[in-house]
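Below: a set of structures, written as C-alpha cells.
Next, two complexes with chain A in common: one pairs it with chain B, the other with chain C.
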Partner chain A sequence: MEHTDLLVDYSRAQFALTALYHWIFVPLTLGLTFIIAIMETIYVKTLDEKWKTITKYWMGLLAINFAIGLATGIIMEFEFGTNWSNYSWIVGDIFGAPLAIEGLMAFFMESTFFAVMFFGWDKVSKRAHLTSTWLVAIGSNLSALWILIANGWMQHPVGMKFNPDSARNEMENFAAVVFNPNAVSKFLHTISSGYVLASLFVISISAWYLLKKRDVAFAKKSIVVAASFGLITSILMLTTGDESAHQVALNQPMKLAAMEGLYKGEERAGIVAFGLLESEKEINDDLDPFKFMFEIPGALSFLGYHDINAFVPGIDDLILGNEKHNIISVKEKMIIGKKAVQALSDYKKFKKEGNTLAMNEALKTFRATSHYMGYGYLKKPEGALPDVALTFYSFHIMVAAGSWFLVLFILILYFSMKNELTNKKWLLRLGVITLPLGYAAQECGWIVAEVGRQPWAIQDLLPVGMATSNVGSTSVMITFWLFAILFTALLIAEVKIMLKQISIGPEGH
Partner chain B sequence: MFELLTLQHYWWLLVSILGALFVFMTFVQGGQTLLYTLAKTEDERDVLVNSLGRKWELTFSALVMFGGALFAAFPLFYAVSFGGAYYVWMAILFCFIIQAVAYEYRKKPDNFYGQRFYETLLYINGTLGIFLIGVALGTLFSGGNFYVNDMNLSRWATESYGLEALLNPFNLAFGAMLVFLARTQGALYFLNNVDEITISQRVKKVVCRNFIPFLLLFLYVFGSILFQDGYVYDPKTLIVSVESMKFLHTFLLHPILAFIMLAGVLLLLYGVYLGAIKKNIYAVWWSGVGTVLVVTVLLFILGINNSIYYPSLADMQSSLSVVNSSGSLYTLEVMSVASLLVPIVLGYITYIWRSMDATKITIDEVKADSHHY
Partner chain C sequence: MKSLHWVYSLYYDGFVNMRVGKTLWLLIAFKLFIMFAVMKWLFFPNIMQENFQTDQERSNYILEQLTKDN
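After this line comes the complex of A and B, so read on.
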C-alpha cells in the first residue's frame, strides 16, 4: 500500500498544523498552573487577600488559554486514527496504551479539579481548593508525561517485537516503554520549557503593567514569583536539553547531523554557534555546507557523546556509509529492508497455502532482516534525510533563545531584589518583547524533534509514507484547509480576548 | 494470568461502559440546545450555561477516554473506522473543537464574533455533534464499507468515506435518538442543578417533547437490532457468516442481559416520570442510571457470543470482532492493570460532583462569581 506523495504531504501538514497550534497553548498551561498553585499557596499561608486577587487574575488568563488547548488536543488523538491508519495498526499495540492511560490518569483529574479551581472558591475549604489547584497542575503535567512517553517511543522504539501473524509490532516490555531514556529526557525538557514559557508570560504582562505604572504592587509580586520559577526551571531546561541531545546522538544520529548541518563526520566535532547554510549544498558534494559560521570546537562531540574526542557521523557518512566507523549505507539497509518486506509477504503466502517448510524459511529470513524493514519502504537513499535547513535553524533559534531566557530571569530577579526594577525601563521592555521569542522557541523545539525525525514516523521502523491512512489526498486537503481556517479563527478570538483581559487588569476582576 | 479471549471481553465491556457513560454525559450537549427553549431572559441563559459549564469538560474527557480505550484495546477498529469513515469522524471532531472554546469565550469582552456566535457553536455541538456520533455508533450494527488485507491494513471502499452511512435510515434513527435523549437528559439535569423556578416550570414540556420522539426512535432502533441479520465468526476458523436474529439469540442465551436492558428502560421511564410529572430533582439520576445500563448492554452484545461488532459491507470477511481486532495479550494485561484506576477516578469525580453541587446554582451566584461563563 504505497501512498502518493501528495497524500503523505497533506497528512503530515495536517498533523503538523494541529500540533503547532496545540503547542501554542499547552506549554503555558503546563507552567502557569504551577505558578498559580504557588501563588495560591502563598495566599493560604499568609491569608493576604492581595495574593488571592493575584491568583484569581492569572487563573482567568489560564482559562482562556486552557479551553483552546483542549480543543486542539482532542484532534491530535483522533488524527492518529483518521490520518495515520496504517500507523495505528502497525504500532497501535504499543502506542495506544500510553494514550489511554493519559486519558484515565490525567484528563479526568484535570477536568474534575479545573471546575473546583474556578468555581469552588466559596464551595470548598481553602485547603481543599488549594489541593484542587495543585491537582490541576499535576494532572496537566501527567498528561504531558504519557504523551511524551508515546512520543519518546516514536523517536526510540523499545520494548516490542514484530509479530508476522498480525503484521504489527507488539509490546513486550511496558517498563522499557515507560522508562525509555529518550522519553524521560524528553518529558523533563518539555515540561521545564513549559515552565519557562509560563514565567515569560507572567513577566511580560507584569513588565507591561510596570511600564504603564499601573497595578504596580500586583505586578511586582507576580514578576518575582515568575522570575524565581523561571530561573530554577530554565536551569532544569538547559540540563535536560543537554540530555536530550545526548539521546539524539545515541539513537538518531541523522537528526543530530541535520541539527548541526554536519555533512562530513569528524572527531572533535564542533557546535555551530551561528551560521548561514549554503542552500546549494547536496549530499557528498564538495561545497562547504555553510556560507559562513562560527564554531565552538569539540562541543558537539561533547554534547552528543560526553566525550570531546568522539566521532560524530555526518549526513554523508550516514547516507553513504563509513566503513572505518562501522556505519552501513542507507542503500544497503534498503536492500536488507526489502528482503524483510518480501519475506513477510512470503510468510503470509506460504502460511495460507499450508506450506510449513517454506513458511518457516521465510520467517527465518524475516527475523534476520526485519531490523531494517522500515528502510525497505524508502524509495531512494536520500529519502532518509530530513529537511536540514528547517532542523538546523529551529535548533539554533531554540538554543539561543533558551540561553537568553536564563539571563533575563537573572537580571529581573537581581533588580527586583535591589528594588530597582521599576526604574529599569530597558529591562522591562525586554521582558515584554521576550514573550514572542518564548513562543517561537517552543515551536522550534517541536520542529527539531519532529521534522528532524523525518522520514520516519517511528524511527527506522516505519516511514511516514507507509504510515498514512489510505484515503484520497483530496479529502485530506479539504480537512487541512478547514482546520487551518477554524484554528486561525479561534486563535484570533483567543488573542483578542486575552489582550482585552490584560488591559482590563487585576482590578477589573 | 487470563486468557486472551477473557481480556478481550473484559475490554469490550469497559469500552461499552465508557461509551455508555459518555452517552449519559451528553446531557451537557442536550442542555446546550435548550438555551433558548428553557431560558427566556439573559440571566436565565447565563445560569444554564454556567451550570453546564462546570460539567462539559467531563463529557469531553469521557469522549477522549472512549477513543483512547478503543485505540489501546482494539487498535484495528481505530485504524479501520477512523481512517476509513474519514469524513464522519472529522465532522465529529469539528463539532467538538468548537465546543471547547464556546463556554469560556461566550461572554468575554472583545470576543470578536459575538455572544450569539458562540451559542450557535454550542448548539451545533449539541445537535450535529451528537447526531453524528449516533450515526457512527449505528454503523457498529449496520456496517461500514471497508476492506482489511492480510497485513491488516485497511481501506475504505467508497469515495464518500463514511458519509454514505447517512443514507441508512437505521443510522439516522440512531443519531436522532441520541439527540432527543441528550435533550431529555439535559432538561432533567437543569431541574437537578439550577434553582430557578421559572426554568423548572418549563422542564416538563421540554421533557415530553423530546422523550416521546426518543422513545419512538428507540423502539424502532431496538426492534431493528433484535430482528436484524447479525454477522458472526466461527471461533475456530474465524470465518464470518450471517445469522438471522443474531442479537435476539444473544439475549435469549444471556437472559441477564435482557434483564439489565429491561431494568435500564424502566429506570429511564421512571426518571422521566419523576422529572416531568413530579418535578423531582433526582429524576436525572434515575434516568441517567437507566441510560448507562441500556447503552452498556447495547454495545456489549456486539462483542460477545461470537458476534461481529463492525461488519464490513464491502467484504464480509474483513469484518471486525473482538478477536481479530484487539491488542496483544501483553498489552491487554498491562491495560487491565491500569484499568484498576477506573473506580478511583469515578470515586473522586462523584465526591467532587457532590461537594460542588451540594447547593443548586442560582442567577445570583453566577452574578457574584468572579469567574463565570
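After this line comes the complex of A and C, so read on.
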C-alpha cells in the first residue's frame, strides 16, 4: 500500500483533533491546581472557613475538568503506534525516556496526592492536606514538562545520533535533550499560558456570580486571587513568549516568516500589529503579501534576534536562498538530503554484501549530509512551506488575546482595590465572555507551534509524509469521525456538569 | 496493616461520599471502555508489534521505507 496525500492529511487531522481536544482540559488543570493551592494556603494561614469553602468549590470544578480530560492524551499514544509507526520507531529512544518518566510521575503523583487532596479533608492534618494540594499542582506541571521536552525535541532535535543499523535516533546526551532551549522556553510559555487560562476561568465564573448578585463575598475573594495570579503569570507568559519567538528565529526561521507573513526578508523587520493577507500571494511574485496592514518597525528583528537591526529572512529567501545572508535554498538542501538518503541506501546494500570499506565510506557521506536528510523526501521546494494564512492568523489571535488578558487582569485588580468592581458591570461582562477567548488563544498557540513547523514531523529530518504508517486511509477516516463524536460528547458532558455545579454555587456544593 | 486500612478507608469513604463524583466516574468508565475495549482493539493495532517479530525486522522495514525511492 502506498502513502497517499489523503492518508497523510487524515492522519494529521486525526492527531490534530485529539491534541486540540486534549488541550482543552490540560491547561486548566495546570493552572487551577496552583490557584487552589494558593487559596488553601490562605485558609491554612488564616483559618477562615470561608477560604476552605472557596478552595473546595474550585476543587470540585477541577475534579470535573480532570475527570473528563483524563486519558484523552492516551489516544495520541494509540495513534503513535498505528498511524505514526514509522515516526515512533525512528524517535523511539528519544521519546521513550521522557514519556516513561511522565507516565510514572503522573501515575504516582495523581493517584496518591489527588486522592489525599479530594478525599483527605478530614483524614489528614491541614498542613498535610495543603502539602498534597501543592504536590498535585507541582506534579501535574512536571508531567507537562516531560511531554514538552519530547515536543521541543521534534522542533529542534538535539542530543541524539541516527543509528543506520537500527534506523532509530539514539540518545547521546540526556541533558542536551532535557535542557534543549526550545523545550525549556516551550515548557515555560505553555504552563504560564495555562495559568492565565485558569485565572480567566475563575474570573469568568466569579464575574457571573457578581453580575447575578449571588455569593458576592465568595466571588470577590476568588476574583482577586485569580486576577493577581493572572497578572503575574501574564508577565511570565509574555516574557517566555519572547524567548519562544527567539528560539523559533534561530531554529525554525520558516515558521517565524509564516507567523508574520514575511516573504521578502529585511533588516529592521517589523511585526504586523494587524493585517489581512493577500490570498493570491505566491512565492517570489510581485504581489504585496497584505491587502492592508499596520506594523511596528524593527519589532520582529528585535523579537527574533534581540537586535533591532537584524536581518529576518522571509519565505522567498528561505525557499530560493539568499547568498548575501548566507542562506542556502531548499533546492540545494534537497540535493544534500537526497545524498543522505542515497548514502543510507548504499550503507544498507554494502552491509548486506559485507563490504566494510564501502560501508564506512557511505556512513561518512551520510553523517556529512544527514542534517538535511528530510529535504531528500520533498517533491518540490514549495513543499517546505507551511500554511502561511493559518499560522499567521493563529499567531496574531494568540498575541492579541494574550495582550487583552493582561489589560483585563489589571482592570479587575484596580477596581477590586478601589472596591468598585461590583458596580462595573461592563467589566464583569467582559470577564465572563473572555473565557472562550482564553481557550481560543490556547488552541491558536498549538496551531502556530505545529502547523508552523510543517512539513516536518522532526525538524529538517523527517517530513510527515515519511512519518506515517502504511495503513488504509479509510480506517483513519473512520477513527477521525469516531473521535470527533466521542470528544464532542465528552465536551458537552463537561460543560453541562460544570454549568450545573456553577449554578448550584459554593454554598450548595 | 494500620496504614493499609487508612489508605483503604481514604478511598472507600471518598468514593462513597461522592456526589458529582459518581457521575464523573461513570463517564470515566464509559470513556475508558470506548477507548480501550472498542477503539484500541478494533482500530489501533500497534503496527510494528503486530507485523514484525524482532527489532531487526522492524529496523529493516523502516530502513526500507526511508530508502525505497533510491
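Just so we're on the same page, the second predicted complex is superposed on the first by the 504 of 509 C-alpha atoms of A that agree within 3 Å, B and C clash if a C-alpha of one lies under 4 Å from a C-alpha of the other, contacts with A are read in each partner's own complex, and residues count from 1 in each chain.
Keep this in mind: contacts are C-beta pairs under 8 Å (C-beta built on N, C-alpha and C of every residue); 3 or more make two chains touch, one makes a residue touch a chain.
Not measured: the values here are computed from a predicted model.
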{"item": "Fit-or-clash call for chain B and chain C when the two complexes are aligned on chain A", "value": "clash"}
{"item": "Which of chain B and chain C A:K126 touches, first, second, both or neither", "value": "neither"}
{"item": "Chain B versus chain C as contact partner of A:L486, first or second or both or neither", "value": "both"}
{"item": "Touching partner for A:V341 - first (chain B), second (chain C), both, neither", "value": "second"}
{"item": "Which of chain B and chain C A:T82 touches, first, second, both or neither", "value": "both"}
{"item": "Touched partner set for A:I74, first chain B, second chain C, both or neither", "value": "both"}
{"item": "Partner, of chain C and chain B, that touches more residues belonging to chain A", "value": "B"}
{"item": "Which of chain B and chain C A:K379 touches, first, second, both or neither", "value": "neither"}
{"item": "Partner chain in contact with A:H325 - chain B first, chain C second, else both or neither", "value": "neither"}
{"item": "On chain A, the residue positions that both chain B and chain C contact, one per complex", "value": "60, 63-64, 67-68, 70-71, 74-75, 78, 81-82, 85-86, 88-89, 115-116, 118-120, 123, 166-168, 344, 348, 469-471, 475, 479, 482, 486, 490, 493, 497, 501"}
{"item": "In the complex, chain C residues that touch chain A", "value": "6, 9-11, 13-15, 20-21, 23-25, 27-28, 31-32, 34-35, 39-40, 43-49, 55, 58-59, 62-63, 65-67, 69-70"}
{"item": "Residues of chain B that touch chain A when the two form their complex", "value": "54-55, 57-58, 60-61, 63-65, 67-69, 71-73, 75-76, 78-84, 86-87, 89-90, 93-94, 96-101, 103-105, 108-113, 149-156, 159, 161, 327-328, 330-331, 334-335, 338-339, 341-342, 345, 348-349, 352, 355-356, 358-359, 369-371"}
{"item": "For the chain A and chain B complex, residues of the former touching the latter", "value": "1, 56, 59-60, 63-64, 66-68, 70-75, 77-78, 80-86, 88-89, 92-97, 99-105, 107-116, 118-121, 123-124, 128, 163, 166-168, 170-172, 174, 344, 348, 352, 469-472, 475, 479, 482, 486, 489-490, 492-494, 496-497, 499-501, 504, 509"}
{"item": "Contact footprint of chain C on chain A as seen in their complex", "value": "60, 63-64, 67-68, 70-71, 74-75, 78-79, 81-82, 85-86, 88-90, 115-116, 118-120, 123, 164-168, 338, 341-342, 344-345, 348, 466, 469-471, 475, 478-479, 482, 486, 490, 493, 497, 501"}
